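Paired with chain B in one complex and with chain C in the other, chain A is shared by the two complexes that follow.
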Partner chain A sequence: MTPLLNVKNLQRHFSVEGKTAWLAGKKLLRAVDGVTLSVQRGKTLGLVGESGCGKSTMAKLVLGLIPATAGTVEFDGKSVTAQRNQAWRAARRHMQMVYQDPLGALDRRLTALEQVIEPLQIHDKHGEIQPALAAQNMMSAVGLTDNLFQRYPHELSGGQRQRVVLARALVLKPSLLVCDEPISALDVSVQAQVINLLDDLRQQMNLTMLFISHDLRVVRHICDEVAVMYLGRIIEQGSAKEVLTHPAHPYTQALISAVSTPGAKNAAKSSGRIILKGEPPNPVDVPTGCSFHPRCALATAHCKTSAPIATRISESHTVSCHLHTMIHHGSGS
Partner chain B sequence: MGRYMLSRSLRALLTIFLVVGFAFTILRLSGDPAMMILSADAPPEAIAAFRQSWGLDAPLWQQFWGYLLNILQGNFGVSMRDGSPAMRLVLEAIPATLALALPAFALNLLIGIPAGILAALHRNSWIDRLVMSFSVAGHTLPSFVLGLLLVLIFAVSFGWLPSGGFNGVEHAILPVLTLTVGGAAVLARYTRSSMLEVLGQPYIRAASAKGLRWSQVVIRHALPNAALPIITIAGLMFGGLIAGAVVVESVFSWPGVGRLTVSAVGNRDLAVVQAALLLITVSMVATNLAVDAIYSLFDPRLRANSGAHQ
Partner chain C sequence: MTSTAVNSPTLLNISELRIAFDQRGHASEVLHGVDLHIAAGESIGLVGESGCGKSITWLGVLGLLGKHARVTGSVKFQGRELLGLSDTELSQIRGRKISMIFQDPSSSLNPAQRIGAQIAESLTLHRGLRGAEANAEVLALLDHVEIPDAKRRMNAYPHELSGGMNQRVMIAMALAGQPDLLIADEPTTALDATVQAQILVLLDTIRRDTGMALVTISHDLGVISEISDRVLVMYAGSIVESAPSQTLFSEAQHPYSLGLLAAMPALDAEVQRLTTIRGSIPQAGQLIQGCRFEARCDFAQDNCRVAAPILKTIAVGHSLACTRKLAA
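== the complex of A and B ==
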């Protein structure tokens, strides 16, 4: 089966000015540095990593909102490139996005209903669908009650705003939904509601999702597959179950050990918590060899000089780490 | 909306009272009209008689109280120069001021706002640099320098246009041009920065990710959201123009409110200065009220208590 979303060797570099710009010249920030991944129709891929690792840039690249430096994005067999033409705009109705900051993503001058109607007005110019009705149905489907329809964004709570953003994205019945940290700006008390809502809608509407998050518990709950990103590269990828229960990369292991989950099963785990040293390196000066080696407790001299390549370690699990076989067997014992 | 405008109106009245009070006091403390009008070596009896006849010998608070009572009855006093009613002198100067202010304001909007939008949409391109260079130049050149420069070029060297006076359309061209250069430059700057801020917002990216044509993104989402600061500046500018472009009117000997005020201050013609200041204050305050009303059209957050929590 051909995947709905197919990303090959995607790169996006930004030139940034150093502190002594006019002396040192411009430097290259490799926000996304050779990412290859694919998502099957109806599946959800979780993209996890620390802030600044290139996750949000990936979201924009996948949707063709910004041009790629190199590599390709294919959606439903057609190439996605950032351009301003009719074809690009028409393709929007099949691929939509949910944003991190729902208040920022909404035009403060429009009521909730107007926000949701707008995509219909853009894409259904012949009026086959009654926009107001379709919008109201979608808003009800995301759990917004009638009395909220005429409110302005500032009159809604964070969770309600994100539901408006979700309704706006889904009202066109897209096949791909890119969620860029959809719950990180919400109160913990409403995070679960929004996640469960996303999970339900995904099944009802047969959505394919790229779910960007740094929250592994959420990813475990909602994703079929997981890709772990570090400094613009995918370092580990596979089925959510495998990657989250048998992480192969030291970085993934550290991320998972940092998740605090209540329950007896994890009491033992928490004693073995791995603390990563320091901040992620500056993506302008990526370390040589394996980019994770300065923070890796298991790094050897080899890691400092040569970059690992993606190696398949099981049917649905690849990892980029020189130590992967040793660690894999070690954690399995 | 009703309560919002009511509280604004009360504040406006307070502003007018304060301005009138300050002007009244400072004018009387900073110079003696009797000396100015009768000259310093007039006999003391004449000066005393002058003071008595204008009520200047009474304590300041009594003068002010009488002045307030008079204003409320529509009596704004008479000019100490020629005895004609002060408010009539000011009102007579208004058409001349409007003849400069209205075209200048219209040109400010028509040139400044599109230029700012254009610069923001083509950020860091040659268009942006060109617009901003003109803007900085127009902004920094003082109006008396620019006015004199224009007179030198178009009136003195080429002799195409009159250098001053108030006698038909061609007399208005140079003063209006002077007012436009500075005003449009300021508006262009504010429009550009306001647009740039809005264009960086997530909802703009969201609008374009919905599949909206870029021109529509700008018209439907960017411009209305960028409008607030632009309206503020435009409002202040309009109030300033109505108050009379003091410098430009003086440079071009244009008989408007600005020039009248300057000469009345010089003469210590108290009633005229006060009448002019009152009118200027009222027009400034009225413009601000209008700006507040326009605000709430653009920003739903300012429509306070408009059924937010039913």
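== the complex of A and C ==
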């Protein structure tokens, strides 16, 4: 079966002018640097990593909101380019986005109902759907009650706003939903409500999702597959269960050990939490070789000079780390 | 550790703290009588959702709420009543005896001043250090918060440092007055997961080294459980449960604490449906006669609507504000 979303060797570089630009020339920020991934219809792929690793740039590239430097994005077998032409507009109807901050994503001068009607007015020019009715139905489906329809965003709670954002994204019945940190602005008890809602809607509407998050617990809960990004590259990918219970890359291992578990007092000392040295490097100055080597406790001289390539370590699990290429080459030869 | 904390003298004793804001003539109460004591060297955690009063408690204690706030009750710090003190008197305590660090380091630091100078400013203010003496102390503080290459970094501006480094600078500034109590308000929320772990370990180490007491405010139960001896759960302006952290995570009694714990997905468990707390928090200032959690509670009974439950001790170190008796 062809995947609904197919990304091949995608790159996006930004040129940045530092304060010494007139001396050193323009520098390149490699926000996304050769990403290959695919999402099957009806599945959810989690994209995890720290701030600045390129997660959100990936979301914009997938939707064709910004052009790629190199590589391709295919949606439903058709190439997505960032050209604002008829084909792009037609495809956009089927791919929608949910942002982190619902208040920033909503128009403050429109009522909840008007926000949800708007996409229908844009995409359904021939009036095949009754906009008000379709919008109301979708708002009920996301758990908004009638008395909230005429409210403005500032009159709604955080959870209610995110439900409006969801209704607006889903009212066109898209096949792909890109969620960029959809719950991190919400309170814990409301987070659980929205996660459950996403879970239900995904099944009811057979949604395919690209779920961007830094919260591994949520990713484990909602995603079928997970891809871990570090400085613009995917360093580990596979089924959510396998990657998050048997992480192979030292970075993934550190990310997982950084998840604090309630009740595990002083986990840092007792269970050998991995505390990484330093912070994610600036994507303008990506380290040579394996970009993770300056923070990796297991790095060898080889890691500083050559970049590891993705190695399959099980049916549904690939990792880009020399520790694993060596083991697998060793056993293969 | 808890055992030493129990024997230590009381550092801070808050009783019946109420905070209300004047709104067009009528007062809307946001904090409904908070009782809380902290022993010297103790580490306590305060959890709850946005608007539950976990930050405003401390802003009220430190007199930082402005003239529209009415703060009543009693706050005794080292035996001295803080409420009613003048601004001049309070400024002897703020930053020197009680320090506070905030969620977003980049908006708390002055973007136009080098970080060394910002730390030196607090040293001059609180300890009267100047010139070379202050500089030496800045270096020592930067070392203490584990900023590598401190000599060079003290001349950096906040935008030249990462979020984690800036939070370390904030911690260094807070430590400049050698406080007896440090209040960390969501200290790691704005940081990445791997950096968050570094900062939590740092705060814990500093507390052990200096013997100061630490209050960590967070909505993340995981963060709290890692560095706190005792956890207080707040809901809509009241403390609803207080227990040693181990006890809270294994034997929480209040339906809201249980809800918070259950709402968090687990990393290692098989995927199942998350338990949610229905509805949302009551609006600030809304008059509620009975238990403020009653409308969202699965165990609510008729008498929950009559009077607000008060915090009662149910076991050693464990108190609860709920009338329902939980079947074990």
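Criterion: the second predicted complex is superposed on the first by the 315 of 333 C-alpha atoms of A that agree within 3 Å, B and C clash if a C-alpha of one lies under 4 Å from a C-alpha of the other, contacts with A are read in each partner's own complex, and residues count from 1 in each chain.
The criterion applied here is as follows: contacts are C-beta pairs under 8 Å (C-beta built on N, C-alpha and C of every residue); 3 or more make two chains touch, one makes a residue touch a chain.
Bear in mind the structure is a predicted one, so any value in this text is a computation, not a measurement.
Colleague: Since both structures carry chain A, what do chain B and chain C do when superposed there: clash or fit?
Modeller: After superposition on chain A, which the two structures share, chain B sits beside chain C with no clash.
Colleague: Who does A:R93 touch here: chain B (first), chain C (second), both, or neither?
Modeller: In the superposition, A:R93 touches chain B alone.
Colleague: Give one of first, second, both or neither to describe whether A:V35 is in contact with chain B, with chain C, with both, or with none.
Modeller: neither
Colleague: Which angle, to the nearest 10 degrees, do you get at the Cα centre of chain A between the Cα centres of chain B and chain C?
Modeller: 70
Colleague: Going by the contact rule set out at the top, does A:V228 touch chain B (first), chain C (second), both, or neither?
Modeller: neither
Colleague: In the superposed model, does chain B or chain C contact more residues of chain A?
Modeller: Ranking chain B and chain C by residues of chain A touched puts C first.
Colleague: If we overlay the two complexes on their shared chain A, which of chain B and chain C does A:L61 touch? Say first, second, both or neither.
Modeller: Neither partner.
Colleague: After superposition on the shared chain, which partner residues are touched by A:R151: those of chain B (first), chain C (second), both, or neither?
Modeller: In the superposed model, A:R151 contacts chain B only, not chain C.
Colleague: If we overlay the two complexes on their shared chain A, which of chain B and chain C does A:D199 touch? Say first, second, both or neither.
Modeller: After superposition on chain A, A:D199 lies in contact with chain C alone.
Colleague: Figure out whether A:P119 sits in contact with chain B (first) or chain C (second), or with both, or with neither.
Modeller: first
Colleague: Quote the smallest CA-to-CA distance from chain B to chain C in the superposed model, rounded to whole Å.
Modeller: 10 Å.
Colleague: So chain A touches chain B in one structure and chain C in the other; where do those two contact lists coincide?
Modeller: Of chain A, no residue contacts chain B in one complex and chain C in the other.
Colleague: Tell me, which parts of chain A touch chain B in their complex?
Modeller: Where chain A meets chain B, its residues are 63, 65, 84, 89-93, 96-97, 99, 101, 104-109, 111, 118-119, 122-123, 147, 151-152, 154-155, 165, 168.
Colleague: Residues of chain C touching chain A in their complex?
Modeller: Residues 49-50, 162-165, 192-198, 200-201, 204, 219-227, 245-246, 249-250, 259-261, 263-268, 271, 273-278, 280-281.
Colleague: Hey, which residues of chain A end up touching chain C in the complex?
Modeller: 50-51, 157-160, 187-193, 195-196, 199, 214, 216-218, 220-222, 244-245, 254-268, 273, 275-276, 279-280
Colleague: Give the list of chain B residues in touch with chain A in this complex.
Modeller: 201-203, 205-214, 221, 224-225, 298-301, 308-310
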